[in-house]
Amino acid sequence: MFTKTHSRAALLVMLIVAAVIPFITKNAYYLDVLIVAFIWSIAATGMNVLLGFTGLLNLAHAAFFGIGAYAVGILTFKQGWNFWLALPVGVVITAVLGYLFGLIAFRTRHDAFAIFTLAAGIIVTSIIQRWTDLTGGRDGLNGVPPPPPLLGLELEGSSPGFYYLALLALIVALYVVSVVVRSPTGRSFVAIRSNEDLARASGINVYAHKQRALMLSTALAGLAGGLYASYLGFLGYAITSPNQTFQILLFVIVGGIGTLTGPVIGTFVVTIALQFLQGFQQYQLLIFGPLLVLLVLFAPHGLMGLWIRSTLKSRRPRASATPAPAGKEG
Amino acid sequence: MTSSPNTDLLQVENLGIAFGGLQAVSGVNYRVTPNAINAVIGPNGAGKSTFFNLLSGFYKPTSGRILWRGQDVTRVPAHEMAKLGIARTFQTTSLFKELPIIENVLLGTRLRGRSGVWDAILRTSRLKREENEARERASWALDFVGLGPNDPRPVAMLTQEAQKRVSIAIALATNPNLVLLDEPAAGINPEETAGLTRLIRKMTEHGLTVLLIEHKMNMIMNLANHIMVLHHGQKIAEGTPQEVQGDPAVISAYLGGGSRA
Amino acid sequence: MEFFLQQLVNGVALGSVYALVALGLTLVYGVLKIPNFAHGALYMLGAYLTFVLLTQFGVPYLLALILSGLVLALLGVVIERLVFHPLRGQPQVQAMIAAIGLLFFFQAGAQAIWGPEFRVMQSPFGGVVSIAGASVTVQRLLVIAGAVVVMLALYYFLKRTVTGATIEAMAQNREGARLVGINTDRVSMLTFAISAGLAAVAATLIAPINLVSPTMGDVVNLKAFAIIILGGMGSVPGAIIGGYLLALAETFTAAYGSAVGLSPDFAEIIGFALLVIVLTVKPSGLFAKGA
Amino acid sequence: MLDQLSLDINGLTVNYGAFVALRGVTLTVGRGEIVVLLGANGAGKSTLFRTISGLQKPTSGSITYGRTNLVGLSPEGIIRMGIAQCPEGRLLFPELSVEKNLVLGGYIHRRDKGGVKDGLEEVYALFPILRDKRHQAAGSMSGGQQQMLAIGRALMARPKVLLLDEPSLGLAPLVVEQVLEVVQRINAAGTSVLLAEQNAYAALSIAHRGYVLENGVLTLEGTQQALLGNDAVRSAYIGV
Amino acid sequence: QNVVNIGYSGPLSGAAAFYGKDVQSGLEMAVNEINKAGGITVKGQKYRLNLVSLDDRYLPNETATNVRRLLQQNNTPVIFVPHAGGILTVQAFNTRNPEFLLMAYSSDPSVVSANNALTVTLPPTFDQYLAPFAKTMMKQYGKRLGLLATTSAYGRAWADAMSAEWRKQGGTVVGNYGVDYNTTTDYNPTVTRALADKPDVMLIGGPSQPTALVVKAAREQGYKGGFMVMDQAKFEQMTAIASTTQLNGSIGVLPVGDYRTAGAQRFIKEYAKVFDNKVATAEPALNYLGLYMVARAMEIAGTTTDASAIRAAMPQAARTLKASQQLFGPASINERGQLNSQLQIALFRSGRIMPLNANR
């Protein structure tokens, strides 16, 4: 219970800080790093729905991010759609493709599921590479327009306007995930993660719930991708690759799997850490790699897990090794 | 007790399943006596758990039919079976280990809910109504098995006996007509076994039908109204405890001559 | 016919390398349940090590092959001790992230030491022989022969020796293994040693045909994952058959794909397409045990 | 029985975090004895067994076998001393064949190929079903069959002290009888046995002595006769 | 002392790191030389140059972030980017506040056709090689062309353009078997396939070393025809892998060391000295040249901050470079911001590289 109020408070503080930043600095680089982190946070939150709450590792997550990005990019750039129409349509397209993907992917379980999705992701990447007429192929798509100004607020590039747009999208994503994981549906996700056979015996339609979790997860990936496309203006196939998926996975795990705020914190910490390490140029991964190893060794439940554990310790002498999944209510 | 087709709960005809070359269950005809305690006994590896897995939709039979209230449910998936009113427990106690008691039991109520993702996002009244119903049902089930809802610890930290009760509560929370219990008394002591016996009796008093696998003969012979004996996947005997106990085939295959058990 | 034969040799040589890499991965992944995404980096380090032995120390090729295998085996033991052993009992994704951390470290390390550019490893077996009209480099024959010898030895070890059985036993039940007196720590180390050693041998065999660079393991690594799933996880024959299957599929896509409208660069993803199709039809993989 | 020694446990305390699972337990398994350990669920029986086998580190106390202190030895070291366990939950190798499970049970004697073979024959003689299923994966057998395999695997180590943690769990009455007979036979051949059981009557009927463990503390100790005659024991562990 | 920061965002880690490092080396060498010679003089003030390099792993989004960082944290008036994706992304905002000059190193035609007012493109587009390559090779080896280029956007464009040119000159294209030169484990299957069509000439190319492997594989399988080597691959690097005998009959870009200009000869020697005997290719050479032009343009424009003015001074800067800095002959910059560096083509024949004149 206390962890819940704590994380609520933490969330509120974070939000307030996030909201005032554009008033403090107009530095396009800082805004850029934050906007990109907001966008990846949404994608990481989506991955967490599936991995953290439902226990399914989808290694095609970046592919869905890419599908959302290309959908919005193509609709606005090639079809001339308005961004505000293209974004929701892009999200729906991603979720529907997620559903179709699930039809086949959920025939497999456990490790086979993870590797199946890895392979599927690689295939999506290569389709995007080869379907030149639609996606621009290996050249990519250049010139995706920024969202049109809204209420006189400029939304182009690393502007405060886009900053608030991305922040708002993240808040919406977090809201949706938080209410869903607390609902009976979300509880069923956790049941599947915990014990699939018992869930089935208890009358939970495991397949249908996996599909729902996957659609929610891919919809969030699509939302993040759509924002990314109109933020950057350029789309290349590289954003759909397994490497991107691993990066998102990193965000989720560094922050703390199965917690609401973990993926967001993880995204920010990793993104900012990598910016700091930029000074080391080609040696940055020489430092980052061991940092990762140390992290999983000494904070196996991510930064949020570390934090929850320390609060638990102060409250109760016998701390349990596992953090309370956020899906439960006290 | 006479059973006409419309009071029939569960009936199987010529039921069988093979794993590769092994015929784990074969040609079993059986009818569950409604509102009674039915037992399945038999040597290890006789196919009892497999029989349960067939009834609850976890395995698809390679031959035969399963009828529920006269309807063919042979190919119905497990979660649908639960919705129809067949609940089960597993031989090795199976729980949502990292969740507390109440969450475990609430999950048993999930199958009656229709609310989905949108209800959660929009916080519909349906969601709230279902949530209240679920909590009521869950606390009823916990009450029934004699546990309190307020223990915040993950169930993995509870005693074996409490865990067994939780698993029964999850089954009861699904609002079943028929409960399949796979060795509920394994690994608990005589005192606790007695408590469990009382609990199972109470289930039939509440109008439930119980189908039970157990090796504890004292318990079974006291408790069961009707016993079926499986051996090598086949039914070798069926009847009241007295009938079964005296059956020479059962004695040689299963009970043996001694009285230590 | 000559064309077919040429392609067959190409495919079998490539398959030998795939099989060796996949074997190492399947041991660690299937047996210790660690998805070692750093496996490709070990492969890469094995190649560099041989490269250094050849160019800086003038060690003969075959000796370099053995030395590189041994040193990598040692490195396998070190990472098992330092990283994966302490992670025992944690969820799989933790090990996966640790492995990715190692991958970053090894790749960046290799770049820091040897630079980012491609290196060329000359093999002493540079000749070309003609077999039934197909011209085959001696190095390719060496790849095939070397891989087959190593695989037979490994198969014998795993299936016919008690020490080999301990690897599988520990995989299935660590505590059970300890109770019968198996030193599970030693078995974990042994598994990693074999796995990394195999990677180094595979890399040393293929490097003279291809190039040595810090990222040379990336693609092979992904393919090895596809192979072990294709072949059924943890299954030793599965990894071998899967390796050859994938290589032949790639080779023959390149060879005959254009007849059915598949461009040769499709060969690079045929493995993943195959995997998706196989798992769609048979979700547990081609050679999965049990039902 | 010359190489027989006694297993002595003195003031053993075991913690799981802050939770005390065993508190100052003192107990002896003498040469050639069958000793029964009775106790409700969660009393700490398995904890004691795990600690003897070296899977769990005690907080304090000693475990000696003859003159050797077992505390601090690895499980491998302990089984080499001749102390084997058939654990709760069986801990088999589910995907390996029955025979490989048994062969690995004789892992510490692996250099003695003939001995392992003889061991196999002995186990198959005790449990003929295992011979029939020797090529089947252990995990695909029924619960009871697996239990037999677990006992057989422990015997393959040719133990001098055999620890049996609830061997009758989930077994058919006929098989329970067989198992207890087997225990008696093993014992007659010179192996001391420490047996944890819920099935107190059956266990006591073959035992020499017994202990009662409650909430991590030994509360009662006595001979077979004394315990069978004890009212508290009768009501708590035997049932009326 | 005053300092002008010059930005660079390229792949310094990952699969393309060798390429990013090559470019970076060229820039670094120029910066060091200029500083050693006392820096640049702008409106009478002395300035030292400082290269700020950031790794973008070849990812456009990372390039965008890096560029914003360079602008905000380092006030760089000029930024070098060596890949098309990054360049195109940056072109979306380099003419807006704050403006900066983008030094683009990519032969992708869309970089030039974007008509960006603040971009200078360093490498020549590949179309100038098409006609002479085709003409020379068709005459010597025959009319059947097999395509075996890398599958990057660049490689495909090259292959398409060459097919058109080849047909225009009366040849036939017998097969198109692009493979990814960055990920392929074994080139043999594809080479075998391509040879089955009995081509007289093959178009190959990607990074130098894999390209050399393709040459080697083809020769080992008995191929006797000619190779047209795309400009991404450099003879001076290919010789480390394929023997000169195997390379005989290849046409490609003249190695930097084969220019008889004093600038090229000095550059090659210096580069080998500074970078531990690394072979200098056109990559470091052109970026080295680019950096000298930037330095000169700042002096001419009399500003280290005004990107438009620096850009405007670039043509004059190119013309007025000292002879020792003109690597390939007199450089010039055309109205679309493209450097004409006078690169030449070359033929490998009897174990030697012979320059040919590419200009029509």
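To keep things simple, chains are lettered A, B, C, D and E as they appear, and every chain counts its residues starting from 1.
Here is the rule we go by: contacts are C-beta pairs under 8 Å (C-beta built on N, C-alpha and C of every residue); 3 or more make two chains touch, one makes a residue touch a chain.
All values derive from a computational prediction rather than experimental measurement.
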Report back the single chain whose CA centre is most distant from the CA centre of chain C. B
If you average the CA coordinates per chain, which chain's centre is most distant from that of chain D? E
Distance between the centres, which are taken as Cα means, of chain D and chain C, whole angstrom: 43
Euclidean distance of C-alpha centroids - chain B vs chain C, Å: 48
Hey, how far is the Cα centre of chain A from the one of chain B, in Å? 41
If you average the CA atoms of chain A and of chain D, how far apart do the two points sit, in angstrom? 51
At least two partner chains per residue is the criterion; list those residues in chain C. 107-108, 111, 116, 268
Multi-chain contact residues (two or more partners), chain B: 19
Contacts with two or more other chains, residues of chain A listed in rising order: 282, 284-285
Listed in rising order, the residues of chain E that touch chain A in the complex are 12-13, 17, 21, 53-55, 58-61, 64-66, 68-69, 71-73, 84-85, 88-89, 91-93, 96, 108, 110, 151-153, 156
Could you pull out which chain E residues touch chain C in their complex? 12-15, 17-18, 20-21, 151, 175-180, 183-186, 188-190, 192-193, 196, 207-210, 213, 220-222, 240-241, 278
The residues of chain B that touch chain D in their complex are 19, 42-46, 49, 91, 159-161, 183, 186-194, 215, 217-218, 253-256, 258, 260-261
Can you tell me which positions in chain C touch chain A when the two form their complex? 29, 35, 37, 83, 86-87, 90-98, 100-109, 111-112, 116, 222, 225-226, 229, 233, 266, 268-269, 271-273, 275-276, 279-280, 283-285
Quick check on the complex: what are the chain A residues that touch chain E? 27-30, 32-33, 36, 137-140, 142-143, 157-158, 228, 232-234, 236, 238-239, 275, 278, 281-282, 284-285
